[in-house]
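You will see subunit A twice below: alongside subunit B first, and alongside subunit C after that.
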Partner chain A sequence: MNAVEIENLRRVYRATIGTFRRSIKEVVAVDNISLAVQPGELFGLLGPNGAGKTTTVKMLTTLLIPTGGTARILGYDIVRQADQVRPIIGFIFGGERGLYWRLSGRDNLQYFADLYRVEPRVAKKRIPHLLELVGLKGRDDEKVEGYSRGMRQRLHIARALLHDPQVLFLDEPTLGLDPVGARELRSMIRDLSTQGKTILLTTHYMFEADALCERIAVINHGRIIALDTPAGLKRYAQDLSVVEVEVFGIEDNALEQIRALPAVEAVSVENQDQRQVVLVQSSHGSAVMQPLMEILAGMRVGKVVVREPTLEDAYVRLVGGEKGIAQVD
Partner chain B sequence: MTGLLNWLRVFVRGAVLSYIALFRWFRPAQYTASKIVMPLNQILFFTLLGSYALGTNSAPFFAIGNSLQIAAVSGIYGVTMSVGGERWEGTLVYLFGTPASRMSIFLGRAFVHILDGMLGVILGLAWSGLLLGVDFSHTSLLALALTILITAASTSGLGLLMGAVSLAALETFFVNNTVYFLLLVFSGANVPLQNFPGWVQAFSYMLPLTRGIQAARQIVAGAGLSEVAPLLIGEAAVGAIYIGLGYLLFRTFETIAKRRGRLESF
Partner chain C sequence: MSTREKIVANLRVIRTVFVVFFKMLAVDLFIIFTVLIQPLLIALLAIYMNRERASEVAIYLIVGSGMTGLWSGLLFTSSFAIRGERWFGTLEMLVGAPTHLGVIMLGKTLAHVTLSLSSMIFGYIMAALVFRFPLVIIDPLGFLVSLLFTVVAFISFGLVIAPFFAISPAVEGWVNALEFPVYVVGGFLFPILILPQWATPLSYALAPYWAAQALHLTSSGAGSVYPNFPLWHDWVMLLLFSVLYLFLSRWLFAKVIRRAKVEATLGLQ
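Right, the complex of A and B next:
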């Protein structure tokens, strides 16, 4: 049996627009998604803003009724058997809302332990253990309103683990965590996976997906556009080579010229103080080097690196599609 | 058995925690103002005004009526905040993702407010005795206590319904002020019901508080429990109907919000 099985799942939102002359607009957030996650698998869901990741997770966690299609968690239907699904899943949605701010961290956990029907003697041991696991030990008697954003996020993670669920849904779990905290969380996610938990994770950080996930589905406009292992996804960018050029003060028309070169697939610019790192993805390997250098001839050029494509390159190619200039700050 | 124990834990712990977490007046200054100063002002104002207009022997009528009305401060404002406050905290998504009994969550939200409401009524009656000369020497205290309990509970029943309304309608204070005002006028706290036309009286008897106030007045005047029993049973029945309607709306809200994707908007 699959841990998560999704068949033709679809969700349409109806949004009213305008205040006086109201009209109804339909947004297809999830458009016939099908996939299966094996028990114990760590599965990633990637996609740009508004792709439908959160909507998918909400349906799988029984918080949103699908417009069409079905999904089962360990064999239980998410709509008809929602009561059987809820005790076996844990979930977090990135962000800091959704806690009782005027209660202490410990009281929040205590209440949710009751709501998840955790036996008091089990909760008594598990709550301190989880507080320690997420690094809130010693701060657990303080009210959540006095916590930092990252501390609240950690409390959410502890909350999701209270009833030792078999399947975990983590929607952008490292959002707002500092680099050390994010790294700790990643290793925690890996541990949970080693313990045999099935985990479905969404993230915007490619290295995170690359480092954690066994398989990844890339979704865009509510549809799965690729589903593979990280190595498999990188093959989408296999024929690409990526040239990174450090330039001090590049002009817009130079970028236009680069973009117009025949072998160039995509160009993006990363601004760092006075210098820019221009990323050129090309399909003809180093053939692009000479014309590129000719365009940059009059400018001060720093480091030039030719590197292997990463998961991010594959992702940008998949969801970016058209040849364009992306600005990254 | 473990199911029942868990039901009780969710009820009691949820009751206490949600009171602290969601009831925004639970801070020293706000609590004193809303639960003690405001109600006492109301009792004094209506009693002095009423005695001025109708003579001092009408003081008990107003004092007892307005003391019982204090139950509506906890029962309406307090309970509504403890139910509707979930939306402000953004906890609905997490709450409705748990397998917990919705009934124990919902009823728990009213529990502490019932006790709190009783305390308010008792304080009001004490002031009535001390400052306004209401005579409790013929009063069966047991019957009065039971009346206060039932009235505080039935008023909280209406509060539960208003709380469910505020979850669905995203609006709390306008609705609450209206309900509080309706109770003030139509429960008979300040106007003898027989002064109203028949259809208004019929409306009055659909509200909580109405029968409880009548029972309390009779008990203070010397009536025993058996004489006011029909009123108390009626008051309890009215409360039960509001609790039932509130629960129904609460469940309906969950279903509709999950269908429309509205658990998070506020």
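Right, the complex of A and C next:
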């Protein structure tokens, strides 16, 4: 039996527009997606903001009712058998909300342990263990309002593990964390996976998906556009060469000109303080070099590197679309 | 999980939620004002308006102003019970947990009502110690039983208020508008006999009215609008309303949760 099984899952949001003359606008957030996650697998759902990742996770965690299709967690239907699904799953959403800030970290865990029907004698042992696991031992009696963002996120992990769930849904868990906090959290996720937990992780960080996940589904505009192992996904960009140019203050029209070059497949921009790194994917690496440098003439240009494609390039090719310009975090 | 284990687990949740929210409410300045200061001001004003015979009607006014604190506390805290969770971002965590949201709200409402009861006790102590009014309860046992039925009815009413005000942002603004009319139609500070006749069916349709009747009748003897209206009728009405409110609450909770999951409003602030 699959841990997570999704068949043609669809979710449409309806928004009312206008004050007096009201009309309803429909937005398809998840568009007929199907996939299966094996027990014990660490599966990634990778996509840009607004791709439909969070909506998918919220449907799987019984917090949203799908507009169409079905999904099962360890055989239980997420709508008809939601009461059976909730005790076997744990979930965390990125961000700081979802905790009682006036309570201490320990009191938050005690509160949710009761809500998750954890036996008091079990909770008594498990809460200190979890606090130690997430590195909050010694700070557990302080109010959550005094915690850093990373500490709150780690407390969320502890909350999600209170009832020892078989399946974990982690929705952008490292969002907004500093590099050290994010690295610690990724190490914790890896440990949970080695303990046999099934984990569905959503992220828009390519390196995170690459480093953690056994398989990745790339989702964009509510549709799964690729599903493979990280190595398999990299093959999507195998025929490309990538030119990486460091520029200081590039204009939008220059980017448009680059995008219009005949050999260019996709262009993405990485903002790093005052400089931008422009990644140009082309089917003929050397052929694009001369016209590219002509466009950039007059601008302050730093390093220029021609390199092999990575997972990020495969992602940009998939998500950025043909000749698109993608913003990369 | 067996039914017995579920009941035990739910009782544990009610206890935990009660303790957590009682502590939070007890230090909330808005709640302190609503359940302690405001009823006291109302009591002082009512005593001043009846100053010619203040010592005779003091217990009536203290019980009545206590009822205003009980109602205001219940209205504001219960109407914010679900909205507050949405505000803090915890509503998704609660709905995603195996415990039914209604059980969690029961613990919260119990905390609200318990704290709101303190307004009556505080008013009684103030009137007896500070103003030295003779505060004699004519039927202490009947008063205690009435208070128990009142608490049950108010808790079940709170369980209706909580999901009702979470249905849509459009109804949230009604909270303030409901505070004072219930003081009047509930007969908290004066008998409903002085109201126009068309208003009395409104009073009969509200548990706070029957609670006020039972508490006034057992404390000052001035409860019923009808001569010799038996006390147990008030108790039966309170119990009937409690049962009715619980059924209504169950239906409202199912509706609110379903609607929030369809309209994707659980995670909204």
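Going forward, the second predicted complex is superposed on the first by the 276 of 329 C-alpha atoms of A that agree within 3 Å, B and C clash if a C-alpha of one lies under 4 Å from a C-alpha of the other, contacts with A are read in each partner's own complex, and residues count from 1 in each chain.
Throughout what follows, a contact is a pair of C-beta atoms (placed from the backbone, for glycine too) under 8 Å apart; a residue touches a chain by one contact, two chains touch by 3 or more.
Just so it is clear, the model here is predicted, and its values are computed rather than measured.
Three-chain overlay on subunit A, with subunit B and subunit C in a clash. Contacts of A:F93 after superposition on the shared chain: both subunit B and subunit C are touched. In the superposition on chain A, A:Y205 contacts neither subunit B nor subunit C. Shared interface residues of subunit A (contacting subunit B in one complex, subunit C in the other): 13-14, 55, 58, 61-65, 83, 86-87, 91, 93, 97-103, 107, 110-112, 114-117, 120, 159. Residues 2, 6, 9-10, 13-14, 17-18, 20-22, 89-91, 93-100, 105, 258-261, 263 of subunit B are the ones touching subunit A in the complex.
Touching subunit B in their complex are the following residues of subunit A: 11, 13-14, 55, 58, 61-65, 83, 86-87, 91, 93, 97-103, 107, 110-112, 114-117, 119-120, 159. Per the touch definition, subunit C reaches subunit A in the complex via residues 1, 6, 9, 12-13, 16-17, 20, 24, 88-90, 92-99, 104, 258, 261-264, 266-267.
Interface residues of subunit A facing subunit C in the complex, by the touch rule stated above, are 13-14, 55, 58, 61-65, 83, 86-87, 91, 93, 95, 97-103, 107, 110-112, 114-117, 120, 159, 163.
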